[in-house]
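Labels for the chains are A, B, C, D, E, F, G and H, by order of writing; each one numbers its residues from 1.
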Amino acid sequence: MPDAPAAPAPSDASSPLVGVVMGSKSDWGILGPACETLAELGVAYEARVVSAHRTPDWLFEYAEQAEARGLRAIIAGAGGAAHLPGMLAAKTLVPVLGVPVPATMLNGVDSLLSIVQMPAGVPVGTLAIGKPGAINAALFAAQLIATTDPALRARLARRRDERRDEVLAQTLP
Amino acid sequence: MPDAPAAPAPSDASSPLVGVVMGSKSDWGILGPACETLAELGVAYEARVVSAHRTPDWLFEYAEQAEARGLRAIIAGAGGAAHLPGMLAAKTLVPVLGVPVPATMLNGVDSLLSIVQMPAGVPVGTLAIGKPGAINAALFAAQLIATTDPALRARLARRRDERRDEVLAQTLP
Amino acid sequence: MPDAPAAPAPSDASSPLVGVVMGSKSDWGILGPACETLAELGVAYEARVVSAHRTPDWLFEYAEQAEARGLRAIIAGAGGAAHLPGMLAAKTLVPVLGVPVPATMLNGVDSLLSIVQMPAGVPVGTLAIGKPGAINAALFAAQLIATTDPALRARLARRRDERRDEVLAQTLP
Amino acid sequence: MPDAPAAPAPSDASSPLVGVVMGSKSDWGILGPACETLAELGVAYEARVVSAHRTPDWLFEYAEQAEARGLRAIIAGAGGAAHLPGMLAAKTLVPVLGVPVPATMLNGVDSLLSIVQMPAGVPVGTLAIGKPGAINAALFAAQLIATTDPALRARLARRRDERRDEVLAQTLP
Amino acid sequence: MPDAPAAPAPSDASSPLVGVVMGSKSDWGILGPACETLAELGVAYEARVVSAHRTPDWLFEYAEQAEARGLRAIIAGAGGAAHLPGMLAAKTLVPVLGVPVPATMLNGVDSLLSIVQMPAGVPVGTLAIGKPGAINAALFAAQLIATTDPALRARLARRRDERRDEVLAQTLP
Amino acid sequence: MPDAPAAPAPSDASSPLVGVVMGSKSDWGILGPACETLAELGVAYEARVVSAHRTPDWLFEYAEQAEARGLRAIIAGAGGAAHLPGMLAAKTLVPVLGVPVPATMLNGVDSLLSIVQMPAGVPVGTLAIGKPGAINAALFAAQLIATTDPALRARLARRRDERRDEVLAQTLP
Amino acid sequence: MPDAPAAPAPSDASSPLVGVVMGSKSDWGILGPACETLAELGVAYEARVVSAHRTPDWLFEYAEQAEARGLRAIIAGAGGAAHLPGMLAAKTLVPVLGVPVPATMLNGVDSLLSIVQMPAGVPVGTLAIGKPGAINAALFAAQLIATTDPALRARLARRRDERRDEVLAQTLP
Amino acid sequence: MPDAPAAPAPSDASSPLVGVVMGSKSDWGILGPACETLAELGVAYEARVVSAHRTPDWLFEYAEQAEARGLRAIIAGAGGAAHLPGMLAAKTLVPVLGVPVPATMLNGVDSLLSIVQMPAGVPVGTLAIGKPGAINAALFAAQLIATTDPALRARLARRRDERRDEVLAQTLP
């Protein structure tokens, strides 16, 4: 695989392909790893605080402009009664990926069900609860873009190969 | 209690005090009993289909106008990833009562958690899953209005007395 | 919005509009934030220990007197097999708001179901498990009262605006 | 075991040892088998409709008089947010046995948790959800009484022997 | 209530009325409070390690001798796939009270269901998960014995009164 | 929107863009609606039976060839311990969408968790349990392809508009 | 694979290698398929009703004799508070396979947890809830025996090949 | 029992009878106790990192060679959407024992369901969540082998006797 490592995309690219949104700055601990993964893969992204319940108008505005601004996917993380991913999906045709954030006593079961159980007509591709889900949302977004970006596709393949080799090299006590 | 029985309010009153909204006509089987209860109590109401995911703009419009139109409470029923009550609550200061509709394989657990687990700042008063919850949403709305409407208060008291007397009169085989 | 900030209501007002009750002093960590929120909004309230299981007669007495004492809403928090909100609701027509307290190994799922799954006839408006639910119970009570109190309504609107502006001002790393 | 079969106790004995109470006539399908089991064992019982939410005063009265009326145990069945067993237990020192009735979309999980998760101080001996639990509540009450009633003890032992022999005699296809 | 406080029963009474059994010494943290409660109430008891899975023969022996040894109730605590209470109940007509011990990653849900969901024919009176359940098992056993022991009945009544008075005396910040 | 309705794609297109796979013919009742949705939108697809547990080699072969065969997305439905979506995702960089099929006594909770809780590194975009999830998987795949196919994008927009208008035209009894 | 199909073993072989036990004749609908599977594979088995709660002594006797009678595995199905598999495992070193029977309102979740969550020291190999679990218990037992029985191993391999070929031959509408 | 204690098997025997596999080195804390148990019992084993999602080809290779390499059982531990045990079982007739690893916010419920709910045809004998399950997987594997290894059978019996004696010797405070 001859393709050289991508230079990390700036955390707030001028022409982002992926929008990473979360209901509060306090969700950064979960959603940050999505941004890191996108940066590692050289995918231009932006990260924004968008709260379904405290800034509903801004949520609608963000969703309405997403397509025209060139976003190819939106990653939305939310906890508890998590309405952010579904409401974004209701307002745009850009694919929305939902990340359940474990923010309540219910460890993310509430946000998982609030995100994944969408009615027919408005899809949200849902990932696992917490950090693994955030990382996978970034990878899914990258795979989605890679279907028309061979260089990114190559970086994704290399990343997988590296992970595979790491596992094969692990030794047990 | 000298107050005479209220004449049933028309199902679509010109000056409704309570708005009963649901995501689809198919939710009528669950939300209908809320309307019947309001009618029995002589509380003017309106019933509307408002879908969070299929008519998000109409949802916002409905919520934005609720207060000026004189609504004292909104009853919102929804199933699955139930975003309707919470998004209404995010857009109005009119008290919102949420009724989880059992519309999926999960028997309403998904809608219960999607409705009740709201983050601090935007409250939804949540009732039981299904018909009992719909009836109770109507009663709660009536109790809320009755705090400043003695005649309605009297009708509510009479209804309770009747239910108590029905129980006391029940005999077992 | 010209209305000046309300002076905090004394924690034990002489003419409370909202009663905040809990089964034990140890629930104060959860219910205290409800009181703080009411104080911030200038809503007169009282806070009392009322245990459904250890002081059932006091529970009945409290509920029976609530309306005559001028309470417009009761906020009741309880954990485990949480019977306090539902039994209060069975004894008064004052609207009761239930807050599930996470007091057992089940993280509040037991109290949530014990509070929300009320049978038709006796409603309890249920909020989220724990502190967010307590704060929201206070906000719901305030919204309920604000339907006939424009100054409180203005304070609620200002609070929402402030929260919105806080979110809009948040920046991510 | 020389003891002759007990003559069935009248369904509403003049000096009942066990009170079987339920929130509604509609619970008879679940609680009826408890009564049949008591009758088969010759334990005098009474069956009553007592609703925690619709007849709270009658609930308190029933509990307050239970001991003086000679009840040795109370079997209480309830569904949903099941408060009947726990509130009876709060008002009497007569042992209370709780039977979760599957009355909602949650198949009795809500009533199980509402009954069994009592706080320290007020015990409810909880049985299985539904009919098996109702039958076992009757057996538990009988075993409790049998600790001071050898004839009943003998009838219980014979019943167990019969069930054992039925199992041993079963053949498979 | 003129009855003087009972002298604490020795932890291993020569003529115990209640047997407190647990699957392992490590369950003492949960079941110990049951013993303390019995001691406070002056109920003679014994505490024993009996493991359903590691000492099944000893379990059967214990159950077979319980009645002849004068036990009026057995309190059995167990975690995970909790078989101890149910198997004791299968081998004796002495009333068995089950305490779910939170010993696994499932926080006692597994032991609760393993204990409470007994089939018709073999009852186990089940209490709450963990310490509150253990204390309540002791109280239930005492109430059971008190139906024929007025002095114990008086001590139980006094204990309740004290708890009530403690609650009534609590003040909030 | 001038674009004419797409002619339905043949159920087994020669150059499919989406592969719809399921563990058994018996899953067609759930996954069939995904195919219908793709056909309505004019997206070329193929439908295949691929069982993770009964045809693991065929699963690997299908995944290995997916990219070269031109698939832009794979929709995989599975029930119970649902391993099909995750194992496909482990073997290809083509985006995989998982649909939990309710095939066991657990109503799809088992398949939901088996599909969505993927570890970091191998993403599966998960949709709702059952038919709504299958339809949404098709819509998500179409949205994904539409990011580079304006005509499809227009058909998706028209479909949304129609659904919106259907809701707005609904009247309640 | 030259090995001819095995003649079905009699349903009650004189020298059974596998014991299939269940708590009641009514479990035959679930456990019967285990017997059919063993018969198809030519594995000698016996089927018996053994109830943990109604015939505990027979359970102990069955377990104590299992090894001497030549059993290589025991398949035990049980519902609700399912104690049969675990108690058998406590009394024998013959491998025990547990099948959760969906016999209560909880759809087998109670029996699954009652069987699988065994404490360290006494293993039960647990299969899926219901019929699929019963069939798989039979297959597991056969695989276990096949490790020292090449002809059986060949029959198992053929069975798998047939199932694979059935899947590969399935066509979709 | 005259058989002397077995010398511990080397952690990576040249002719292992049991393969212990896990998705990552980080699972060693859970699976290590399985290895220790096998060593204590003198059962030759090997421990390997095999990841279903990161090294799917290596997983297939491991499963395909297991039988020829002489493995009598495979113990596979995995967390989250745990596909390792089921995919191994799909590729070999060697009995597979699954250990749910608590690796996510769901405490192992996700891995339990992902492992145990296998469809008919491909069995996985599932043990408890976490360390107790890992130890029991080792014991089950040993019991399986002991059906044709009397010396191992004797060591297993001695181990049980020791555990029994430890319990019988425990004293409570």
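In this section, a contact is a pair of C-beta atoms (placed from the backbone, for glycine too) under 8 Å apart; a residue touches a chain by one contact, two chains touch by 3 or more.
Remember, predicted model here, so these are calculated numbers, not experimental data.
Undergrad: Quick one: which of E-G, A-F or A-H reuses the E-H interface, over half of the residue-numbered contact pairs in common?
TA: That would be A-H, since it shares over half of the contact pairs of E-H.
Undergrad: When the centre of a chain is set as the mean of its C-alpha atoms, what distance in Å lies between subunit B and subunit C?
TA: Going by mean C-alpha positions, subunit B sits 20 Å from subunit C.
Undergrad: Could you work out how far the Cα centre of subunit D sits from that of subunit F, in whole Å?
TA: 51
Undergrad: Find the geometric centre of each of subunit F and subunit H from their Cα atoms only, then give the gap between the two centres in Å, rounded to an integer.
TA: Each chain's C-alpha centroid was found; their separation is 36 Å.
Undergrad: What are the residue numbers in subunit E that touch two or more other chains?
TA: 54, 80-81, 104, 106-107, 109, 116-119, 121-122, 124, 128-129, 132, 160, 163, in rising order.
Undergrad: Let me know each pair of chains that touch one another.
TA: So, checking each combination of chains, I get A-B, A-C, A-F, A-H, B-C, B-D, B-F, C-D, C-E, D-E, D-G, E-G, E-H, F-G, F-H, G-H as the touching pairs.
Undergrad: Would you tell me which residues of subunit C are touching subunit B in their complex?
TA: 72, 93-95, 97, 112, 116-129, 131-132, 135-137, 139-140, 143-144, 146-148, 153, 156-157, 160, 163
Undergrad: Could you list, by residue number, the parts of subunit F that touch subunit B in their complex?
TA: The touching residues are 102, 107-109, 128-130, 132, 160, 163-164, 166-168, 170-173.
Undergrad: Applying the document's contact rule, which stretches of subunit D touch subunit B when the two form their complex?
TA: 11, 24-25, 28, 32, 47-49, 51, 54-55, 58, 80-81, 104-107
Undergrad: Would you tell me which residues of subunit H are touching subunit F in their complex?
TA: Residues of subunit H touching subunit F: 23, 52-54, 56, 60, 79-83, 86-87, 89-91, 103-104, 106, 109-111, 113-119, 121-122, 124.
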